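Common to both upcoming complexes is chain A, partnered first by chain B, then by chain C.
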Partner chain A sequence: MALTNNRVDVPVIVDESKCLDKCKACIEVCPLDVLVKNPDTGKAYMKYDECWFCLPCEKECPTGAITVQIPFLLR
Partner chain B sequence: MEIINLEVDFLVVGGGTAGCMAAVKAKQKSPDSSVLVLEKANIRRSGAIAMGMDGVNTAVIPGNSTPEQYVREITIANDGILDQSAVHKTGLLGFDVIQELEEWGVKFQKDNEGKYDLKQVHRVGKYVLPMPEGKDLKKILSRQVKRNKIKVINRVMATSVLTQNGRAIGITGLDVRSGDMYVIKSKAILLCTGACGRLGLPASGYLYGTYENPTNAGDGYSMAYQAGAKLSNIECFQINPLIKDYNGPACAYVASPFGAYTANATGNRFISCDYWSGQMMLEVWRELNSGKGPVHLKMYHLDESTISEIESILFDNERPSRERFHAGRGENYRRDGVEMNISEIGLCSGHSASGVQVDEFMRTSIPGLYAAGDMANVPHNYMIGAFVSGRVAAEHAMDYIKDIDHGDVDSDFINTERERLLAPLNNPNGIPHTQVEYKLRRFVNDYLQPPKSPKNMKIGLEKFIDYKNVLDELGARDPHELMRCMEIHFIRDCAEMAAKASLYRTESRWGLYHYRLDFPNRNDDEWMCNTIIKKSLENNEMTIFKEDLKPYLFDVNLNKEKYDVSVA
Partner chain C sequence: MKYNKSLQSEIDLLDEEVQEMVEMLSSDDEGDRLVAAVNLQQECDEDTIPFLIHALEDPSSSVQLIAVTTLWEMANAKAVLPLLECINSKRDKKVSDEACSALKELINQDHLLKLLDYLESDDELQIIYVLILLRKIHDVQALPSISPYLSSENKNIRKEAVITLRYLNQLTHFTPANTLADDPDQEVRKETMLTLGNFREGCIVPILCNSLANDESWEVRRNAAIALEMHGDNSSSKSLSSAISDSHWQVRKFSMRALTKVLSEEYLGEIVKLLCDDYSDVRKEAAIALGLLGSKKAIPSLKQSLDDADIEVRIQSQKALEKLNV
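Moving on, here comes the complex of A and B:
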């Protein structure tokens, strides 16, 4: 079956300059398990577009690297 | 896919409100027993109260109300369909739970004299106890689990209940990161996996932008059903008045004690009580269809300090992203009403009254299998009911397991389950779970969203049954996608049950939750009973039948006492 990659506006925005390579706080607390580390950069990003806009990732980030924005369809 | 075998005395499936309490109570009662919490996410931030809770809905505090008064109010609110002895437990033990939570560091609102500051939101009686600092509730619970040295396995989703000769003996699970399969034997199992929050499709278009925590996909409803347990009154849907476009509640129950209220477009009241019920939802639906919509939570008539206080509660607890939702739209409670709309449908006994059938000890119809929290049918049970039911189940289970040995796992069943789990991974170019789920839940909206009409429900039921074949087309590229695929199996089971039960009960009851256009009236002569769904173990077909209610503990004259929240 043919599959395509769709570009979407995602809620979880990571400031890579603040994201710590060895920290996994956001990944561990996300109820939907949508965050992972980019193996090339060591920075967290939202891999799966399955957000509940619940904010534990932002609240538990020790450096304030994460911002959850209300995604486009809800804005 | 490795198979990991474990053996414990008591297994708690789901580490949310009910599960954390159950694990702690089991360990306290029987310190030498092995207790395991299996959690699909991470118990630090999982379940319905992942981001805390702004108040308690069902607090029976001595001096304010009695367990009997509470049972009477819920009997009337739920149109008479309940097991009063189970609801009574919430009334009897809720105060204990509140005091224990306080010892653990949870703060409840108190007045100047140091007494619990209860608010009236229900039609009659004060049962709402605000928790303005409730944001860390889940962290406090998970700390207690840790302190009691209870073993927790995060990121493993249970996929089926193992049985032997009609007794529950364990579960299978999927590690949603590694893709490994778990086979866990346990003498007793508590299912507390929350609501079926991903049944209807939110109007926003976001599959996971549901009212309930979307990790709660009806896992426990489906697993209990597949194991042969009884489920009751599944036609009694959960439907909530939410902020339009946003997946959180407007929270009139928080704001109304401060003078806020639900109003129509002219700014006038149309419901007399802001406690959530099917009857209230029917009034909202009628108002929206009367030309007097939209409806909104009205606070703009209040003074600045009151609005600030309401904001400080609503923007910190339960669904804190609402603050930025309003900010992005330039909305301000000082000027603007909070536009509300009717949510997608779900199944959740914590709010309404549909779930796995349990008795007052939270036993399901399968020995060794317990249910608690939102998925156990104890009407209007909310958060305090989840705590109480988790505790009651655990304490009963620890007695039950004393004289029980572990069962023997059927290796054929494990092989079949392993193949079921492997199927989407072996088909990586199959249809993506997002599309399979979207279509299923679109059918739910099309054919089951109340008001219900018979032909629609029949079409829906056929589509949900046919959809079993569509599930064979699912493709997954990693364990995470596989988790989502298996959740669609749960959702499909729930959809079929919802259609089947809604067709069966040929009357209207619980306001909008079960409002049938072809049978618009309540018919107590024929339907003052439970409807029970159960899988036939002979042919695996879904069966449905009536079952008598348990005798009431407290007489309530339901002909005289009607739950009416309309404003004449």
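Moving on, here comes the complex of A and C:
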């Protein structure tokens, strides 16, 4: 899978101010394992630019820190 | 939120990994408690139920919400009474809604008396939730407790109470519900019509006919037509034959459908006119009715409907003509 170059221009956007350091809910539920924790900040981010837009990461996040931007044609 | 002594002693019986999460669930930091609640949700371990019940009293509504969802997923009867404590206006609306959804799946006949206790409350939101939950049990023993809420000042309570009535087994009539057909609130009248459709009492058909003819809301008139279809009473045929010329197409459609149960050749002219209605649903019902009526006078009109723009109307016209041996 291709690594992401820019953490803003990806489908899964993580609001770092809301993301909890110890929580791994989004990482556990992602079927493609594309979300990981940044070891420096402890916040989740999208490491690989691959997404099925299945949305459990957004739904399971206890603080609502994740937004999945679904492409217009898939809405 | 620290655990009491009995819960503390239960922690030692848990797996090491779960123990860590349960201890984190009583942390002072809200973030830690959220993480612990999410982790316990993923573990879905029945031994953690007492701790999740304890988390229902957490100061954070997000933690409470996850605890409610987890208890719902575990579907254990132990959670019913603690979840009942969550359906009131003191809680966050999201938590109460989630708890009510969970209880819809978890409650059974054994919880009837407890629910009736919760119904006697000053909290209007709690009353509404309990009235909704009583539909799951549908026991007629709840009637005396529901009855006072039919005259509540809160229109939402009146609405939920009258809806709940139609879920009660063996309830064939209940006169206080009849007066709600003239309620000032449209939503209450709308639901009352459907409830009256389920009752079997002589005075109900005239009430429904009156609403069908005179109510200002088309939704109430439509529901009155649906209720009259459930009754299938010959005395309603006059009102239904007038209602098939109503200004709203849904009222015409459901009145036409109700009229098929009490058909008479004297309404042939009015029914044939509906074959030219602007709405295909109405035309379809008219074609079905003409087939059931079995009058040869309808044949030319039905033959014209074979060219209708809507395929369903064409199919029903064809079937009607087959019934008339054409």
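Just so we're on the same page, the second predicted complex is superposed on the first by the 62 of 75 C-alpha atoms of A that agree within 3 Å, B and C clash if a C-alpha of one lies under 4 Å from a C-alpha of the other, contacts with A are read in each partner's own complex, and residues count from 1 in each chain.
Please note the rule applied: a contact is a pair of C-beta atoms (placed from the backbone, for glycine too) under 8 Å apart; a residue touches a chain by one contact, two chains touch by 3 or more.
Note that this is a predicted model, so its numbers are computed, not measured.
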item: Chain B versus chain C as contact partner of A:22, first or second or both or neither; value: second
item: In the superposition, chain B vs chain C on chain A residues touched; value: B
item: First, second, both or neither for A:30, with chain B first and chain C second; value: first
item: Which superposed partner A:9 touches (first chain B, second chain C, both, neither); value: neither
item: A:63 touches, of chain B and chain C: first, second, both or neither?; value: second
item: Touched partner set for A:75, first chain B, second chain C, both or neither; value: first
item: Touched partner set for A:50, first chain B, second chain C, both or neither; value: first
item: Where chain A meets both chain C and chain B, residue numbers; value: 28, 60
item: Chain C partner contacts - residues on chain A that touch it in the complex; value: 20-23, 25, 28, 60, 62-63
item: Residues of chain C touching chain A in the complex; value: 31-32, 34-35, 37-38, 42, 62, 66
item: Residue numbers on chain B that touch chain A, as the complex places them; value: 41-42, 44-47, 50-51, 154-155, 176-177, 204-210, 213-215, 245-247, 319-321, 324-325, 328-329, 429-432, 475, 480, 483-484
item: Chain A to chain B touching residues, read off their complex; value: 1, 3, 28-33, 47-48, 50-56, 59-60, 68-71, 73-75
